[in-house]
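First chain A sits with chain B, and in the next complex the same chain sits with chain C.
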Partner chain A sequence: MWQFLARSLEAAAIFTFAGLGELVDQRGGILNVGIEGVMLFGATLGFIAAQNSNSYLVGLVAALLIGLLLGLLHGFFSITLGVDQVVSGMGIWIAGLGLTTYIGNPYTGPLGMERIQTIGGLSPFFYLGVVLVVALWFLLFKTSLGLKIRSVGENPSVAEVSGISVTAIRYGCVAFGGMMAGFAGAVYSLYYNPVWNYNFLMGWGFIALALVFFSMWNPIILQAGALLFGILWQLSLNPQLVLPGLLSRYVWRMVPFAITLLVLILISTRWFRTRWGAAKPEALGRPYLKE
Partner chain B sequence: MQQQPPVSTDKGPLPSLEELLADVKPGETVLEMRGVTKRFADVVANDRIDFDLRAGEIHAVLGENGAGKTTLMNILFRLLHPDEGEIYIRGHRVHLRSPVDAINLGIGMVHQHRKLVAAHTVIENIVLGHPKAGRVLNLKRAEEEVKALSERYGFKVDLRARVWQLSEGEKQAVEILKALYRGARILILDEPTTALTPLETERLLESMVNMARQGLAVVPFITHKLPMVLAVSDRVTVLRGGQVVAQLNTRDADEQLLARLMVGREVLFDIQRPQVEPGPIVLQVEHLSALNDKGVPALENVSFSIRQGEILGIAGVSGNGQRELAEVLAGMRPARNGRIRFDGRDITHAPIRERWRLGIGYIPAERTEVGSIGDFTLVENVLLNFYFDDELVKRGVLDYRRARELTRHLIDEYGIAAPGEDARGRQLSGGNLQKVILARVLARHPRLLLAALPTQGLDIGATEFVRKKILEAKTQGSAVLLISEDLDEVLMLSDRIAAIYEGRIMGIVPAEKARREQIGAMIAGISEEASS
Partner chain C sequence: MTIAGYQVGLKQRAALSGWQAALISLFAILVALVLFSLVFILDGVNPLAAYREIFSYAFVNQYGLVLSLSRFIFLLLSTYAFIIPARAGLWNIGMTGQLYVGSLCAYGVVYALGGKASQSVYLPPLLVIPLMMLAAAIGGALLGGLAGLLKGRFDVNEIVSTMLLNFIAFWLVSEMIKEGGIFMNPQGRSESFALPASLHAPTIAGIPFTVLIALALAVVLKFLFDKTRIGYQIKAFGLNPAAARYAGISPPAISVLVFVLGGAIAGLAGYHYFAAVPGVYKIARNYSYFGDLAFYGIIAGLISLGDPLAAIPVSLLFGGMSNGGRWVQGKLHMGFGLDYALLGLLMITLVGFQFFYRYQITWQKEEAHGDVAIPG
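Presenting the complex of A and B:
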């Protein structure tokens, strides 16, 4: 049972990292639907770098760097060129899926390194996640920079006349978002499930993306959502641990996605939509181009 | 917060604002613009304009749409770069690089379209981008400072409220406070009274005088609210066609003179309301309710009727359900409760096209979003109201020849300034586009005309024209529902006036008995019984 809970919390940490990055992205008004792709890149290149250097640190740094690069790429398309952000994000996802399969194929198999030391039965990543949640909550709601980020996401022209560089803030957000997604991917492939396989993420990035919407762009709620989905995910992998013999595991594996659909239906209700609409960054997904 | 490099002048970097304005006496010139010229493609928006500001004065800039006043003020605030011309502050020539430079020099601007983050609190909006904000926000200290400012100049705003909860007047106060908190000594106000109730307008004018008394220079720039100019300003600069046509002391001016300077010809202020014997009831609305886009009730239990040959004016401040009312009547928004009868027939759930066929003509408030299609030619735009008529469609095929004739005829009759009937909608100015929309609706001789904000944003000439045409429709036997945020317009045109507040009709008053103050109180939510 403890094992089950610990694994759930580890899974939750991965959702938290990817989700926090996307949350900051979106608070700044940029939608990156391609975080699955960024995570795949981070996971694959992190895996390769770690295996070749026999160092987790090198692996994690590689993941952060590729995440940064892809975040900036998405930023270039959506901020500088002002193209449709969904199209750019989808492009990054498809590129991630294809390229990582091609690059990672020779590395198929286990990582073959010593496990990362745990602290109190949990990896350092889980604690890092919790610290980041609190830090980002403080940053977004209690600091000047946070106010600037939120303003840029709500109404960039207001931010501009208040003397804030919309472009700089948005680039900062996408850079952070990309790094977090890359890092989340590496935590998956280096710690949570250290085996490289074709499309091993199976939609974790998309779940993180959905979590951001459910969280009403609040890191604390995001953390709660990540825990819920971490448990659900774990349940879908080993249902026999908790509910032995009940339903096939293929049914359980569907559960997180079914819950996602349920939540989507829930948030489409009028009651929720008014509250949700108030929290949603108003300029989300809209390029800011000056004439 | 990084330190902004100082603004450069021809004599080296400019001293700090405090030093610069330390010993200013009221009446002294603080700012000068000399020979400012700005061209957009082949249009000269500002033609060698000279303009100056004195400490402690309220200096109105007056002009019609397109006269160049917005351009001039945007240059002063450095949203636009002038092609030629110089700006001097207390004799120092300054080169502004961005609005941030202007702000640092003590120039603040309050835009007509609110520049506030609706989801944030008032205080968050005020400290946004403020150099003193610090890394970790100290909102308590900021609140105290802003409170002191509001008391000094007589503003009342709840600093913890979210901006979307505020009225237009309060939002404006927030913008002014934000500018003052940033240290503005020169305050530019863009059409400051447009969305305000009469009461809020009065309060704003008081605050403006208050600010000027304490050494600030205040520059409201305005289209046609002449009474306001006369009430508070010390000096007026009148622009026409991008040039200064007059600069005078307000005490030497009157309404007629200013209007003539602004328009370039005599203007009729009082339109004679023709008396028409009202006919049978055309539109009967009973207990109508509807929701707005956010799912919140926007109309509640609205009842009224309009007779043939009668204009019912709906007076109200923006966002009190007028838009939803027009949309429900036009068929674009479902009614939640209640009934709409047209010539006795229940049309509550009738589709939009059927309503057009029955004789309802709709002039939407959003003339470029809903009223017309910018990429369509004028012929096609006219066809939008005729494509379902047997006269112009033969077995599903449009009769372009006749549509073209009709459009050409309308262009002549309404004096629409357009290159031709094949011009695109977006090539036309707001006034001319509105004429096209009006013309195509009136060409159907509607039994009921729904006119939502028909003159909003139009200059004096076009406004006069649209008003005349609405009265003409009435004399020709249309029933007219006039929705307007301009109280004077409602009083001028309507036979009966209904005041709307938060989706409810506060009372319906016949024009002969309507007093401006009474209607003004009703649209601010004070019920008829209480006010009389």
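Presenting the complex of A and C:
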């Protein structure tokens, strides 16, 4: 049972990293629907780098770098070129699916490295996730930088007039978002399930995206949602731990996705909507072009 | 910005004519192909030789051409599944799940009529084949309609919902065809039972008859978009949902409608590949490969700017290239996933080129007057 819980918390950490990146993106007004693609890139290149250098550090740094690069690419498309953010995000996701399938294929199989040391039975990534959640909550709501990020996502024209560089803040947000998604992917492929296989993520990025909508753009709620879905995901992989013999394993694999859909419906109810509407970054998804 | 004595600037396009759009799209594809040749160079393969192999297999070789055309039909249907909601400003990336459910429904008809027992069971094709197609369309329409309803009634982001439904449908197929699922092959393989020979779809010169449906849909959709009231309402809603509401258009109804239509066509794509393509006639073990292939429909839909007729040559090109890419990776001993790499490169190039649909580059000699605009 403890092992089940530990695995759940580690799954939660992956949702947390990817979700936090997307949350900061969206707080700055940029929607990146392609985090699954960034995660695939981070996971694949991190895996290859770690295996070739026999160093986890190298793998994680590689994942951060490719994440940064893809975040900036999304920024270039959506901030500088003013391309529709959904088109650009979809592009990054499909590019991730397509290119990592080809790049990673020769590395199909287990990572074959000694496991990362745990602290109190949990990977260091879980603790790192919690620390980041608190730090980002503080940054977003208690510092002037956080205020700038939020105002850029809320009303970029007003922010610009008050002397904030919308472009710089937004680039900062997408850079951070990309790095976090790349990192989340590497945590998956280097620790959570260190085996490379084609399109192995199977929806983690899209669930993380849904979690951000659910979180009302608050890191603390995001963490709670990530914990919930970490447990749920783990349960869908090992249903026999809780309900042996009930439903087949394939039906269980559908459960996290079905519950995500239910949650998305739930947050559309009027009670939730009035609170949600107040939290939603007003300029989310709209390109800002200076005239 | 000044480059070599020219004043280079950007100008927002007022309007984009058809030929300009076609030219930009052509440039985007060419740039993607140049990028794709880097993949060959990195693998130590001469890209020109590789392209010659790809295109000659895809469009000249007799066996390759039939496979290319089968993929073309599949991609064209996937493209339409994307285009219809896209006209209304909505993203259907759920063609994958819709085609899975569509194929399951088509096989459900055969199963209900006792077609699982043996490949030699006789079922009247004139009756059962239309039933299978109808079931496939309904199955796809239901899954699509669900996403449309969630969007229209609950404002659930359709990208997220269609993607979540893709995964649900993916596991549903596994449930049905693997580990004792009711559609599982009686010989115990992790694929569906084989279609009885009597239900193998008719072919025209080796090409599944579904080609006629796909091409007829091009005309029907063109007519629907350009000449009917519903087509106008879909377009108006896509351009400005708020204004459309004042014009008496019901947003939930439009979003359900476009997703039902798109889903039904995606369901037919599932019927086409798993029940009409010669040599397949089963829901294959690697069905997710075809699910991923359907994502080419997004690219083809974007490149053809939602025009059903323009989608035909684009789908033909992509169908041929993905088929040729798959073949050349075996022939030249390259890694698996060459067609996936092409998919990714095409997509990311196209995103970059989106810019040129909205802006044009102007350049002007420092001392001279008059704009010279290059298209693209």
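Note that the second predicted complex is superposed on the first by the 291 of 291 C-alpha atoms of A that agree within 3 Å, B and C clash if a C-alpha of one lies under 4 Å from a C-alpha of the other, contacts with A are read in each partner's own complex, and residues count from 1 in each chain.
Rule of thumb we're sticking to: a residue touches a chain if its C-beta (ideal position, glycine included) is under 8 Å from a C-beta of that chain, and two chains touch if they have at least 3 such contacts.
These numbers were taken from a predicted model, which means no experiment stands behind them.
Once both complexes are superposed on chain A, the partners chain B and chain C fit side by side without clashing.
Applying the stated contact rule after C-alpha superposition, one finds that A:163 touches chain B and leaves chain C untouched.
Of the two partner chains, chain B is the only one that A:150 touches; chain C does not reach it.
In the superposed model, A:227 makes contact with neither chain B nor chain C. Of the two partner chains placed around the shared chain by superposition, neither chain B nor chain C is touched by A:61.
When the two complexes are overlaid on their common chain A, residue A:69 makes contact with neither chain B nor chain C. By the touch criterion defined above, A:213 reaches chain C but does not reach chain B. Within the superposed three-chain model, A:202 lies in touch with chain C and out of touch with chain B [touch as defined at top]. When both complexes are overlaid on chain A, the residue A:106 reaches chain C alone and has no touch with chain B. Here chain B and chain C are compared by how many residues of chain A each touches, and C touches more. With chain A used as the common frame, chain B approaches chain C to a shortest CA-CA distance of 5 Å. Comparing the two complexes, no residue of chain A contacts chain B in one case and chain C in the other.
For chain C in complex with chain A, the touching residues are 39, 91, 93, 150, 154-157, 159-161, 163-165, 167-168, 170-172, 174-175, 178-179, 181, 288, 292, 295, 298-299, 302, 335-338, 340-345, 347-348, 350-352, 354-355, 358.
Touching chain A in their complex are the following residues of chain B: 1, 79, 98-100, 103, 109, 111, 115-120, 124-125, 127-130, 133-137, 164, 294-296.
Residues 33, 77, 81-84, 86-88, 90-92, 94-99, 101-103, 105-106, 198-199, 202-203, 206-207, 209-210, 213, 248, 250-251, 253-254, 257-258, 260-261, 264-265, 268 of chain A touch chain C in their complex.
Only residues 142-145, 147-148, 150-151, 154-155, 157-164, 270, 273-274, 277-279, 282 of chain A touch chain B when the two sit together in their complex.
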